[in-house]
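In what comes next, chain A is part of two complexes: it sits with chain B in the first one and with chain C in the second one.
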Partner chain A sequence: MQRPAIEPTKRWQKSSRTFGIYLLMTGIALFTLFPILFMLVTAIKADESQILREMSTFAAFLPTGELSLQNFRDVFERVPFAQYLINSVIIALSIVICGLFVNSLIAYALARMQFRGQKLLLAIVVALIIIPFQAVAVPLLLIVNQLPWFDGRMTWLDSYHVQIIPFIADAFSIFLFYQFFLNIPKDIEEAALVDGASRFRMYSQIIVPLSRPVFATVAILQFLTHWGDFLWPLMVVRDPAVRPLTVGMQAFFGQMPRQWGDIMAFATMVTLPVLIIFLLFQKWFVQSVASSGVKG
Partner chain B sequence: MQRPWIRSFTLLIGLILAACGEATTPTTPPTNPTTATGASSAASGTVTLWFHSGQGAERDALNATLQAFAAKNSAIKVEAIELPEGAYNDQVNAAALAGELPCLLDFDGPFVYNYAWSGYLQPLDSLIAADVKADFLPSIIEQGTYNGKLYSLGQFDSGLGFYANKELLEKAGVRIPTLAQPWTRAELDEALSELKANGLEYPLDLKMDYGRGEWFSYGFSPFLQSFGGDLIDRSTYQKASGSLNSAASVEAMKWFQGLFTNGYVNPKPAGSTDFAEGKAALSWVGHWAYPDYAKALGDKLLVLPAADLGKGAKTGMGSWNWGITSKCANPAAAAEVLSFIVSPEEVLRMSDANGAVPARTSAIAKSKLFGDGAPLNLYVQQLTNGVAMPRPITPAYPVITVAFAEAVDNIVAGADVQAELDKAAQKIDADIEDNQGYPVK
Partner chain C sequence: MAISKSQTASAKPTTSRPMLSWKRREQRVAWAFVAPALLLLLIFLIAPFGLAFYLSLTDQRLVPNPNLPTRFVGLKHYLAMWQDATFVRALLNNFLFVAVVVPVQTSFALFLAVLVNQKIKAINFFRTIYFIPVVTIMAIVAVVWTFLYNPDQGIINKFIQTISFGQLGPYRWLEDPKLAFPAIMLMSIWQGVGFQMVIYLAGLQEIPGELYEAAQLDGASAWQQFRFVTLPQLRNTSIFVVISTTIMAFKLFDQVEIMTKGGPNDATVTAMLHIVNSGFRTQKVGYASALSVVFFIIVLLISLGQRIFTRSER
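For the complex of A and B:
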């Protein structure tokens, strides 16, 4: 059978509409990418006065002039970047890994187990999502300052654990897990129950393997959130040995003139690990975000 | 299947706890070789010290000072921590809230009153010898004194004035002012007009690229004061209304706004190099710009005093200084460290590194930049002849500076001057009322 011919006018209208949509999308994509491009390009420009001259012009996005890695060297000379990077990795990964375990277990209990106060607990978890961290930061500071630790200290300040433990349990993560677990059919668990499996075994061998997308979502969202944490470490950490990247970067802000090349080199090195992780897990991330209904 | 999973998790938790345990061990930062011990002083013990991470040379100078202290004093151990400057005040405030301040710390000058009023600092009067105190510039003592007690001492003060391109001024036929005969308002306006007529797009550089922040209060409040206005009524420090929004202040800020509407100042310069590149003939900025300007202009560079805009020439003063916290368990040892930091030799070491005005007269005499006849001696004269004014000596200063900086930002953008100053004054008054007038404790 021969396809009916499309009128040339309609074909032109269709292609021009497609062209317009692509043009708009390209414009939006460029708008989103330009700050990252600016960061990368500025980081490799060796001449600070050139950076300042080009700051408000299109040339700021072009790798012109003398290009070098001097700004990166300056960062390593000026601050213990590797130490800050290790600290950030330890903190963010610890929160993510512990958080996955704790929050999924809480959500599993809420979704599957019957106990008194279950609905109230769920309501409290949902309510906690809307409370901004800034509102509880100061009371939390006063609490952690009075807590003992295993080494005999009577405060948690200036440590890794003060940056990790308060963020392991997360209401939003619990809610995501809870929503996902509700949609898993109970049949397999009931069969396992007949076979004598414990609740924890059902959780670890049935629920966890079936919930990989939501685990991926929570892991990525939590990592991104805590990789960029600033306010809390600013309040509780002074010791460079446990200082994360975000606070360490503040060494470049203060006295004038600002060295934008160094700042952008630092920012590049902070952003790249996250960007690489995102690109590696992009497929999972997109799938899991779509399936969990997470909105950015 | 279950066991390896649990084993892995247990191992992970163990690793995290181990990492936490290691981190909590008190450490001296490896990047700062500043742990000091020594034998010559009467005091002994450990002194915890925080300092802001300034520019490289400044940081190196302080590290060298602490190392020199270590070499001379075996009984006192200094545990120094360098904090990032961009977040320094926030970290100090958070630590104060938690009661975790160190023994000795540095802070930006005008914050001393708030810290002293809040009870974070202890007076230094009984800890610093009278002859040592007498050697400091009056401006340092004035800046560090609150409610009749000395709470802080600095290694250096700041200098603020006009830098000028001699060649461009002469070309426009502009008189070179002196401290005895500074420019009047009419002369300054005429000079800017002539310089613009001579082809300079923006003849005056006000360092607007620094952005809204402490620079706006430090750099531009002297204009208010030279017009007869001020940020607050300094007789009682209870009201900004009537001073910040007075007729004189409004006139000052209208004149200031005129600098932008007349095209004398670029409100959004791309960078800090307009004056050095000869695009501007005048630059209103502090001592820190001198090295770059001297390098760029050489013999053409002039350092000029603040203009008299009606009620006498006024300029700013004050910089980072040191205080001993009230919870310091070993104030005698902290005072020993502080005395060393502000000794003439160490003051000179710092001044040579950061180009700031040495805090002590004995150090000034030896300074190549600030001694008699030296290129920046004008700043010393401004600090000692009453031209320089401290920022308001009140615990409300953190609110004052934020409110004024916001007003300046809006005024530069073209907002109504009276409305902006009214708004700023109301904010400051509200803060003072909220704190019951900051009663002296």
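For the complex of A and C:
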């Protein structure tokens, strides 16, 4: 530890070092933020020719000239933005909610119950973590193209369920649940077992309440993965009625002539809500990401 | 369990049956718990995975043509793909991406983690800012970056011109075969580095403080502490970060599809982009499946590499 009385030169050295660190951190923060700042500021500039004039100057980061929400209004007029947003929310939330239930249930059986084939099943789940979705995308496209649905259609293309159901079960989520459940002490459940509680009651009334952190982790990781899904909807969705934001953005971006003000307004409306949710629940986000690193 | 055991010991014939039926019930309940997830994994992961191997040996098309039945073509696709200049280029691009982005992004992430692990004022503020790009959507920010990379008047061109006193630029970033891929690499690092930073930060916080105290007693400098305490302690974290960044590099798709569509002249084509172009846009599912199998084998080898390296330490 430092001696109580620091010599003046040392103190000067120390404070200049601190200053250097803050300078460096601010520089990196600017690198991190400049595209987002650029997006936000451009979105509220009403005059497209002003945007093009200022795009290479420092004014691109400053709210100069005439400011309005006209670009946002334009987005709603030119594309069914509200529909895209609803679609993305429905799809991402359905995957997260159904996934929490289905994946934690199988993980509970693997961690706590005894049944034939248990060890093999666990090994299979762990092995499946390695298979990236990208490697099965094309054959999966062939499968969903010919699957029947309850409404009598003989294909799953152009629907919500084709964007939801394939992603509900997730091997890595199962693994995260499994590891967490293993570490919960067994005494409470054994007491419940003596009282004749059913397995489902033990799962829903003992395990689930004790496992909030892992439920939050899986929910956030699954949300971050699927909220921005692009590859799969690009292949299975044409109908704007079920199109998510990412594919909607690509279509909007392709419309000529490009109105950069409108495009940035679109990007802002997609980015800002998640950014706000992140700022509110920061700790959870950071913990989730950190715990995704403990596998292996 | 203890109770039921003592019961079986005292009254064997009467209680052996309830025990058995409890076990049978347990089996049934367990399979009911397992069934939904297992069924979904079977249909949407295991089946298409197996199908990929089978389809790769056929000339299956996305929409079957009744006049042209699907034929078995053996290993034809696996031989043909190495004559496919776009695929070879795509694989090379993926490896190039790994060679550049993995070391740069990993060391940048470690650097950031060490930086924000200091106990100084406002450090949480900087942590938050560095993490922000992670919660953006790649397909969306790729569009924003296209504007930043604008060939004539883009802010990035202007910045480079200014700091080089007009010596450098303007560059046609996304339209220049030499610059398009580096441009995509830079924006990928921008978006991805915060994720790895958080994983490194978690690793740093698990290192016991006594190790540093002992090193300080021995008179180790800050650099020596980093070199001989921090780095060895972060070994498993680093392996995880390197491997997961490598796998992510092989999945590269969204930003390329949005920003360049693989151009100019295949300069930015990637394995995943070529798989989608072959299987979906030109509907050659058989060929795309063969590409998918090769893609999977590469990812598998990388993942096995992680297990081997991680195990050797224990």
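The definition used in the following text is that the second predicted complex is superposed on the first by the 268 of 296 C-alpha atoms of A that agree within 3 Å, B and C clash if a C-alpha of one lies under 4 Å from a C-alpha of the other, contacts with A are read in each partner's own complex, and residues count from 1 in each chain.
Here is the rule we use: a residue touches a chain if its C-beta (ideal position, glycine included) is under 8 Å from a C-beta of that chain, and two chains touch if they have at least 3 such contacts.
Values in this document were obtained by computation on a predicted structure and should not be read as measured data.
Participant: Should the pairing of chain B and chain C on chain A count as a clash or a fit in the superposition?
Facilitator: Here chain B and chain C cannot both sit on chain A without a clash.
Participant: Considering only the touch criterion stated at the top, classify A:235 as touching first (chain B), second (chain C), both, or neither.
Facilitator: Touch status of A:235: both partners.
Participant: State whether chain B or chain C is in contact with more residues of chain A in the superposed arrangement.
Facilitator: Higher number of touched chain A residues: C.
Participant: With both complexes overlaid on chain A, does A:111 touch chain B (first), chain C (second), both or neither?
Facilitator: After superposition on chain A, A:111 lies in contact with neither partner.
Participant: Considering only the touch criterion stated at the top, classify A:161 as touching first (chain B), second (chain C), both, or neither.
Facilitator: Touch status of A:161: first partner only.
Participant: Touching A:102 in the superposition: chain B (first), chain C (second), both, neither?
Facilitator: second
Participant: For A:176, select first, second, both or neither according to whether it touches chain B, chain C, the two together, or no partner.
Facilitator: So A:176 meets neither chain B nor chain C here.
Participant: In the superposed arrangement, which partner chain does A:150 touch: chain B (first), chain C (second), both, or neither?
Facilitator: Only chain B is touched by A:150; chain C is not.
Participant: Would you sort A:75 into first (chain B), second (chain C), both or neither based on which partner it touches?
Facilitator: The answer is neither, since A:75 touches no partner chain.
Participant: Mind working out whether A:216 is in touch with chain B, chain C, both or neither, as first, second, both or neither?
Facilitator: Touch partners of A:216: none, neither chain B nor chain C.
Participant: Let me test your reading of the model: by the given contact rule, A:142 touches which partner, first (chain B), second (chain C), both or neither?
Facilitator: Touch status of A:142: both partners.
Participant: Between 130-138, 148-156 or 292-300, which chain C stretch has C-alpha clashes with chain B?
Facilitator: 148-156
Participant: Enumerate the residues of chain A that count as touching chain B in its complex and touching chain C in the other.
Facilitator: Touching chain B and chain C on chain A: residues 52, 55-57, 138, 141-142, 145, 234-235, 249-250, 253.
Participant: Quick check on the complex: what are the chain A residues that touch chain C?
Facilitator: So the residues of chain A touching chain C come out as 18, 21, 24-25, 28-29, 31-36, 38-39, 42, 52, 55-57, 60, 102-103, 105-106, 108-110, 113-116, 118, 121, 125, 128, 130-132, 134-143, 145, 165-169, 171, 174, 190, 194, 198-200, 203, 224, 227-228, 230-231, 234-235, 245-246, 249-250, 253, 260, 263-264, 266-267, 270-271, 274-275, 278-279, 282, 285-286, 289-296.
Participant: How about chain A: which of its residues touch chain B in the complex?
Facilitator: 49, 51-57, 78-80, 90, 94, 97-98, 101, 138, 141-142, 145, 149-151, 153, 155, 157-161, 164, 201, 204-205, 234-236, 238-242, 247-257
Participant: For a test of understanding, state which residues of chain C touch chain A in their complex under the given definition.
Facilitator: 1, 3, 26-27, 29-31, 33-34, 36-38, 40-41, 43-49, 51-52, 55, 60, 62-63, 112, 115-116, 118, 120, 126-141, 143-148, 150, 153-155, 157-158, 190, 194-195, 198-199, 201-203, 236-237, 239-241, 247, 250-251, 253-254, 257-258, 272, 275-276, 279-280, 285, 288-289, 292-293, 295-296, 299-300, 303, 306-307, 310
Participant: Where on chain B is chain A touching in the complex?
Facilitator: 1-2, 5, 9, 12-13, 16-17, 19-21, 23-25, 27, 29-31, 50, 52-56, 58, 81-88, 90-91, 94-95, 97-100, 207, 209-210, 215, 268, 270-273, 288
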